[in-house]
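Let me give you the structure first, and then I'll get to my questions.
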Amino acid sequence: MTTLDFERATRLAAATLRHARELGVRPLAAAVLDAAGHPLAVLRDERASFLRPQIASGKARGCLGMGFGGRELARRAQAMPAFFDAINSLTGGEVIPVPGGILLRDGAGGLLGAIGVSGDTSDNDERCALLAIEELGLRGDTGDPQA
Amino acid sequence: MTTLDFERATRLAAATLRHARELGVRPLAAAVLDAAGHPLAVLRDERASFLRPQIASGKARGCLGMGFGGRELARRAQAMPAFFDAINSLTGGEVIPVPGGILLRDGAGGLLGAIGVSGDTSDNDERCALLAIEELGLRGDTGDPQA
Amino acid sequence: MTTLDFERATRLAAATLRHARELGVRPLAAAVLDAAGHPLAVLRDERASFLRPQIASGKARGCLGMGFGGRELARRAQAMPAFFDAINSLTGGEVIPVPGGILLRDGAGGLLGAIGVSGDTSDNDERCALLAIEELGLRGDTGDPQA
Amino acid sequence: MTTLDFERATRLAAATLRHARELGVRPLAAAVLDAAGHPLAVLRDERASFLRPQIASGKARGCLGMGFGGRELARRAQAMPAFFDAINSLTGGEVIPVPGGILLRDGAGGLLGAIGVSGDTSDNDERCALLAIEELGLRGDTGDPQA
């Protein structure tokens, strides 16, 4: 298994939005991108505010563009703010360095793509995605060295 | 029924992509937007080329931004090319005046949003969306005066 | 009298939208700009589609930026399409060369600003603005040589 | 009451500009947007500087796009500067995280839209809008947890 198809990407994004509803957190948007950074499924809860799909896509795209999960991007942005400001000016904001962007891997560790989530706190965004990732039998890489 | 929720928008977009596979046309992307032009579900067949989600979103957004289905936009763009060139320069390409953008209405004629489709010919894009719209019990307004 | 204040600009834009309702044409947006091209009042009928305020502003701004009413811009765009394409690429779509952009003048012919209207046919857009201009005792220059 | 019409939005924006005159603060621009972020009424005092309408619109749009009043956006931007820098690069400056952006709600707490104000200090901008909101019998959510 080395690619995500749109059916599975759609189930992953939809499951993320449903977990937010079950947990009672704010309504979310979720974006599932392939390994090349192109969208397979971008969903917005109809009650989520309208910048959320763009931010969710940006979280996922930044992870793929830099090769790290969102927690590692957040650590680096704190250590090297001028570098991250510069790459965001350069790329038009392609790297949103906060939790809620997660690399997706298959059982052998192969990169399948990424999911980005936005709408509640970064921790809750990530939590809803991880529940959906587990449900679908995928592996998520949040960039947390202790995970 | 006056709004689309994300579950229904997702089913509509997914059904459009599946109809393309059944009909043997090229792989598609489909974007379902709410009445204000914000995305609810943007799906790309994993074999579709990567600009398709953006073009699909643009078709739907142009219909909502101007208040007409894609066939009416196409007729107007042919009659008034300078006007359409100007509004695309002004808005950064918000109006893609071809078939494949369809306004979505409820049974009473109320505007629910729009779907845009891209990947094959404009006629085939539209055909796959109309099959999905019918399947979901919605009404589609393509801008065709004879429809 | 050489300037428009915001109160009068607001009355002019609002009267334009109300005339559209009375005449039964499609819902409009109207933008009243000062002579420098900066907005004083931009109003959108809540039922008008969402690109209309930007197009209305573009119609007014193009008239002021080039020094002619919309009918004269339309004539020139038809005679010199490459020139109008070029200035729209150059300026990001500042010139929308259709009727519905009208220069506003005081009794002595002094330039006060412009109004742009969008939502129905260009002729109906212009008609609603002219009714409002007359109501407020201003003079409108549509660029029509026979007017 | 679940939507703002243009007449009411216009009265709200105009009342904001008049309160600035009565209080003797600098001339203002005010933008009233519907819940989807599209303009209903954007007014600029003819003595206000010309970027004010764009900044006022940006304040209102950022509140709606993120789902918080301007004071909450300001707190978050101070706590997470890299996130806010990134989303502004990503979205072309959609989020202006300062007071003066206020969510508008009806009596039942339903979201009607937002108002953004610019021209004087952020505190004075907000103050003029709150006076107008009260006058019109609406509820404003500034994002202040103590309000």
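By letter and in written order, the chains are A, B, C and D; residue numbering begins at 1 in each of them.
Going forward, contacts are C-beta pairs under 8 Å (C-beta built on N, C-alpha and C of every residue); 3 or more make two chains touch, one makes a residue touch a chain.
Note that the structure is a prediction, hence the values are computed from the model and not measured.
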| item | value |
| --- | --- |
| Reference interface B-C: repeating pair among A-D, A-B or C-D with over half of contacts shared | A-D |
| Superposition rotation for chain A onto chain D, Cα-based, multiple of 5° | 85 |
| Chain B and chain D, separation of their C-alpha mean positions in angstrom | 32 |
| Whole-Å gap between the CA centroids of chain A and chain C | 45 |
| Euclidean distance of C-alpha centroids - chain C vs chain D, Å | 26 |
| Multi-chain contact residues (two or more partners), chain A | 50 |
| Pairwise chain contacts under the document criterion | A-B, A-D, B-C, B-D, C-D |
| In the complex, chain C residues that touch chain D | 3-7, 9-10, 14, 17, 34, 36, 38-46, 50, 53 |
| Residue ranges of chain D in contact with chain B within the complex | 34-38 |
| Residues of chain C touching chain B in the complex | 26, 48-51, 54-55, 58, 62, 74, 77-78, 81, 84-85, 88-89, 91-98, 119 |
| In the complex with chain A, residue positions of chain D that touch it | 36-37, 64-67, 80-83, 85-91, 94-95 |
